[in-house]
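Here come two complexes built around subunit A, the first alongside subunit B, the second alongside subunit C.
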Partner chain A sequence: MRKRHLRAGIRRPVIGVALLIMLTGCLEQSQTTVDDQGARVSGFDWGLPDHIPLPREPEDNPMTEAKFQLGRHLFYDSRLSSNGTISCSSCHHQDKAFSDGLAQASGATGERHPRNSQALVNVAWNNTLTWANPSLGTIEKQIMIPLFGDAPIEHGLNEGNHEQVLRSLQVEPEYARLFAEAFPDQSDALFSDQAWDNVVKALASFVRGLVSFDSDFDRGELSAEALRGERLFNSERLECFHCHAGYNFTDATTDRLTSFNTLLFHNTGLYNIDGLGAYPEPNTGRHEVTGNASHMGQFRAPSLRNVALTAPYNHDGSVDTLEDVIRNYAAGGRLEVASPHPGDGRMNPYKDGFIVSFSITESEIQDLVAFLESLTDQAFISNPRFSNPWPDSANKDLTP
Partner chain B sequence: MIRFYVLLALLLPVTGYAHYIPKDAQLEVNASVVATWRSASLVDEYEFWQIPGTMMGGHAWPQEKGVSVDETMLSLGSRINERVFAVIEIGSHGGGGDHTDEIELQHAYLGYTCCETTGPWVLEAGKMSAVFSPSLASHAADRRVSDAPLVNDVFFGRDFHDEGVRFWWHETAGVSAGVELWRGTAYPATDTGDTNWDVFARYQWQGERLTLSGGGWFYQASAESRADHRYGGTHTHTPVAPPGVTAALFPDTRFTGDTDITGLHGAIRYNPEPYWQWGVEAELMQMDMGGMLHDSAGREASVDSEQFGVWVQPYVQWRRHTVGIRGEWLSTDNHLVGAAAPVLATDSGLANPQDHDPERYSAFWHWQWRDNLALRTEVTEDRTLPESDLRWSVGVIWSGRLWPENSGSSAGHQH
Partner chain C sequence: MGKKGLYCFIAGSVLLSGCGGSSSSSTETVVDEPTELTIPFKAMVGSDPMTCGQTFTGLGTNSASVEFEDFRMFISNVRLVTDQGEEIPFNLDPDAPGQNSQVALLDFRDTATVNETGDTTDVCISGTDDNPGFKDTLVGSAELDPEKTISHFEFTIGVPFEQNHADQSSAEEPLRNPGLASGMTWNWQNGYKFMAADVIPVGGITRPDDAEWSSTAWNLHLGSTGCEVGTSDLADGVAPEPCAADNRVEVSLPLGGFEQGAYAIKIDYAALISGSNLNQDGGGAPGCMSFAGDPECPAVFKNLALPFGEEQNDGGNPNAVVFSIVERQAL
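Take a look at the complex of A and B:
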């Protein structure tokens, strides 16, 4: 009787366990499938590291190598101005990460631009262009401003001279080939009504293709100083990484993976000329476009890639060194006493919430600068692919 | 925290449970502490426990080397009058280093019983554990194995305490059934989503030597921008690691969508001889998750996921000694679509490049040394990650009634 109970007691749970183990045998092999809907497909060789997503390409101007090469020639061609004195490269020098080293540059007629020339680094990933225009979302639209804008005059093209400028391009034999290759679907891309549209698209393709992801930081080759600086950069104390976020070190980044974008602009407390937060005209930032008082002094956070090459800094080039930029942030803004625009930017009521004062030693400032210098991409500034293609530069780009 | 432990140690031990209805017009105070030494950590310091193919969260922290307090609990229950009762419980969940010390209010609810003529209906409201799954409602002190079931870790973030209302038919002729509505503060829901709810039913049959129990349940959760709060979900920075050690920032990927989980559970107990008992306990769960993954960079991808988990636990008990094993298996089938699908699959944990099937096997010996004090030793082959991990553990379980002192066991109605 006792043995029978024991046998039954063994048999029942064993059967139960066996049934359950058989059930687990029915578990299917785990798997995860991913469909990126062609997000890594492009007709252009971007030469990106695997972890960098492709930028968006306009549907009406997909990237091609031919358009990139045509745009490169146009970028360095001073005939693309009203008096043949400046090209795009006049204010965007490759050795300075396509900035110019000036606080403010002058256009073809000598008119001074109120803004600092921005570096052209990974512009393809910017969700807005220029310093503070939230409505300017494509490079194609932006390029119309330096070419045809009159406030200020940059290239100086207008209704009266654009046909003459175009004719100067049409006589260049190299362009016949380049335009034909860039726009193979058009019978006469350089002489048709679409010629200017083609110029803009080609220039945009070249600027879009200026890619920089080969710095010491990207290779993980940081010095001890730069490593300390990186920690400071990402620290709760300094808060740098909020506005200079992500792989392009700016919160104004978009790519093929992003479905929605928040357009962010920041007032960093540089000015406060009336004690009520005003910035000096005409540089009032996003406020210039929107007219909204709360947008006073708001500018797009620039990418920090190659930032060590792009001095002077801020939207008007009013800060000479990276050390001084950091000191302004450490003070929670800038106190201007003797400048033409005195005021206590630290008390600017429109200042961004992340611009709060913090303590930092001179040694830490140098560490932070070492980290920023680690973002310099030497290959980018010496890459022949981005350099002046014209063999006789005296005939083309007249700028030093 | 230390004072909390000292207070518990000084008081007389009795038994503690997750959900219960106090009996009689008296105050009951129960407590438990579970501490375990483990021979190895599941993941290294500055690394995250992320099982390939799953999204995790809640309190599902990895096991750590050394002594850790798996759980502390102090519960007060009172039968206010014939029909009304109240329960308050505070406690902590183990794992995750600093998280061990976090004491939180786990239960604070009022209950109302009625309608004896038609059946014992019970209405409860407040913050409480869910009762739809017995394993999910149990404390570490109640389990035979110190680790919570793997499927609970993955599907529910280890435990479930939420604010809600429960209405149920309570154990009449062995049958319980009811519905629970939740605010959504417990993983995998969020309180910003839609209504979260569950229905459950279970049956227990008691024979002379054989006891059978089983049940089923369905739980539906809605989440809006749900984060993995173990490591992220708030203001995060790159962790600071010693020189030479890489410390990556936890990717804060969010989920918005619905999660449906269906479960079946069962238990067999058989007493062939005095002092002998054989038994098997098991639970199966299937989860269907559909919605969007997204992050602060504006990246999105749709996700459709079906996951299945099961654990089986046969054991033999002789007098105060119980030995047994527990096998756990998990199967995941995820499909992500969208330009950002590859990166979000990786960041969320749903990527499974090696088609890894998570498994875990534990063998345990549990010795109820004294009425309120038990010792437990286990060996665990942990294959939840692609690299398997073998660890030993020795634990102490102290649980019992603090008030009234002269009561041998809890007079309340336990679950």
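Take a look at the complex of A and C:
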């Protein structure tokens, strides 16, 4: 087959082949003696601990510091919306690990999003994007949805306003420099017909660069409580670690050493509105995209890094606290007696096999929460590299 | 126009004997350059031309009245088929507006507001300017052979698979978003709407089982669904995974005696939604979003001769009711 050009092919060094061959004799894939050089080559300083493999970088959008910096300016720029009211940072606040503290947020026109704004933490390692979309394999494709989507309207960019919105960026003196630096091979990166593509690639680069591996957990500085919580987390009684697996605490993780991209989504028994397993529309999860009945209520396991900062929880923000999330799992799902969506999620026929009920004491819940809190990365939420770069101005979103 | 031998491309039994059946009618048998052709399409609502800003009445199962909000579709894989079943590609002219060598975007919205800076705003409302993106004609060429008789015109409604799942912000027009494809992208399914036929029914849309629910637009969005990425987004050179339902409409129309250059393709919205109640929704997004289980889709897919769920909908080319060959001048 002809090699794809426009599609985000992934930079994969030749060691992929070597690893594949080795895998047949070594399915564990834990330690290999393969020369790691290719897997660690990037034009970008990822600042990762040694044991974290580099994430994938799209062949047509390799990471650079200049694109990251341009993307950072765009991320915090509310001119990137139909009426100047919404920037990416409106729903993704650095102090909340780039979530927003709301159950559901509203877009530029006031339309409410049916799902909870996700945290943006180590997104570069996700093998799919958003809560449950198996068709989105790159951040570049995902970004088109908040910018240009019409159901729901988020930034509200469309056929009728995109030229005007682009002009509002073109008059910003900072962008002349930032676009030129980010796309040095282009003669006029801000005014050419590649300008929007450049916006998308830069935004994706910034989001891809939001890296968090500097928590108490990473430094091995766990309190006695958190250590007890870690043991619970990794116990066969609670089963947390199956879905929230690995260094990024989600089984939806890929990196440059990954050879097989298995898409994993899970129904955790939150709803069962018809007794047959249905989740309330439109939040039917992976099913919303595939139409496959067995995908009902399946969502991607979010990373638990910085999870203590990202309340409320679950895809629709319907669970207020981590304690309640744990209690739902302990019950083997959620029994909803009140409207609007009553039903016994515990009996959801599509529930993941690891959502088994377990007994847990209140003090064990607190231990587990202490462990989850140890995944909070204070450096991440205060890192000036990720903060709003704009000086005070009416035009630019300063939230928060 | 390279019209040499064009008079020979007349289908129909009456004329067939005098054309192409024997070599005596032509001194040229070698095709040395393609014939340039234009194929006009005409969006209709029954017998009336579809226009923006006008109310059309008597539509669907409940005789609804509607105004159009959008009516666009991507056309690809255009070909002329001989009476011997040979397919002669109609090669789209990549330099013509609204098309590249693979795909054309027909845009039947005839009006738009263009503001002082030249931006297009408020497409498809009444009393405004021409929509600069309006397109109702395919421009291209085909290697016509005077020895052969063209009997059918065929095309696909849809974006070819490879282009459908590529990045949109860097795509070649008319697939670029933002650009000509704005409003025709379907990002949550990672692709394009192959056809968008969106109307605003007078009286709105309600649900029989939910008095609290209402909506304003009855949308028909045709496109591939169930498109899950896998290894293709991880490994270089791996072809994208197929979609569960590709939903590309194959249209085959008998020319019925029209010669090349004398016919147009009629697309009849009234026929498309003849089995639908445009003031009612049974669940999911209002209208038909091509989605498995969408209660508004069976009636529409049947008219498009597209499989839907358990229904193969392949009996007797029913999409020939929605699409038909008509005389060019008559429109």
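Keep in mind that, in the parts below, the second predicted complex is superposed on the first by the 360 of 400 C-alpha atoms of A that agree within 3 Å, B and C clash if a C-alpha of one lies under 4 Å from a C-alpha of the other, contacts with A are read in each partner's own complex, and residues count from 1 in each chain.
In this text, a contact is a pair of C-beta atoms (placed from the backbone, for glycine too) under 8 Å apart; a residue touches a chain by one contact, two chains touch by 3 or more.
Computed from a predicted model, the values in this text were never measured in an experiment.
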Touching A:Ser205, do we find subunit B (first), subunit C (second), both, or neither?
neither
Is A:Asp197 touching anything from subunit B or subunit C once the two structures are fitted on A? First, second, both or neither.
second
For A:Asn133 in the superposed arrangement: first (subunit B), second (subunit C), both or neither?
second
On the A-aligned overlay, A:Thr258 touches which partner chain: subunit B = first, subunit C = second, or both, or neither?
both
Between subunit B and subunit C, which one contacts more residues of subunit A in the superposed model?
C
Contacts of A:Arg231 with subunit B and subunit C, given as first, second, both or neither:
first
What is the contact status of A:Gln118 with respect to subunit B (first) and subunit C (second): first, second, both, or neither?
neither
Just subunit B (first), just subunit C (second), both, or neither: which does A:Glu163 touch?
second
Contact-wise, after the overlay, does A:Ser90 reach subunit B, subunit C, both or neither (first, second, both, neither)?
neither
Under the contact rule defined above, give the subunit A residues that sit at the interface with subunit B and also at the interface with subunit C.
5-6, 8-10, 12, 16, 254, 258-262
Under the stated contact criterion, what part of subunit A meets subunit C in this complex?
1, 3-12, 16, 56, 59-60, 127-128, 133-138, 140-141, 144-145, 148-151, 157-164, 167, 194, 196-197, 199-201, 254, 258-263, 281-282, 288-292
For subunit A, which residues count as touching subunit B in their complex?
2, 5-6, 8-10, 12-13, 16-17, 20-21, 23-24, 27-37, 39, 53, 227, 231, 234-236, 241, 246, 253-254, 256-262
Seen from subunit C, its contact residues with subunit A in the complex are 115, 117-123, 162-163, 165-171, 177-179, 182-183, 185, 187-190, 225-237, 239-240, 244-245, 283-285, 291-293
Flag every residue of subunit B that touches subunit A in the complex, lowest number first.
52-53, 209-210, 235, 237-238, 240, 243, 268, 270-273, 276, 278-280, 282, 284, 294, 297-300, 308, 310, 312, 314, 327, 329-343, 345, 350-353, 355-358
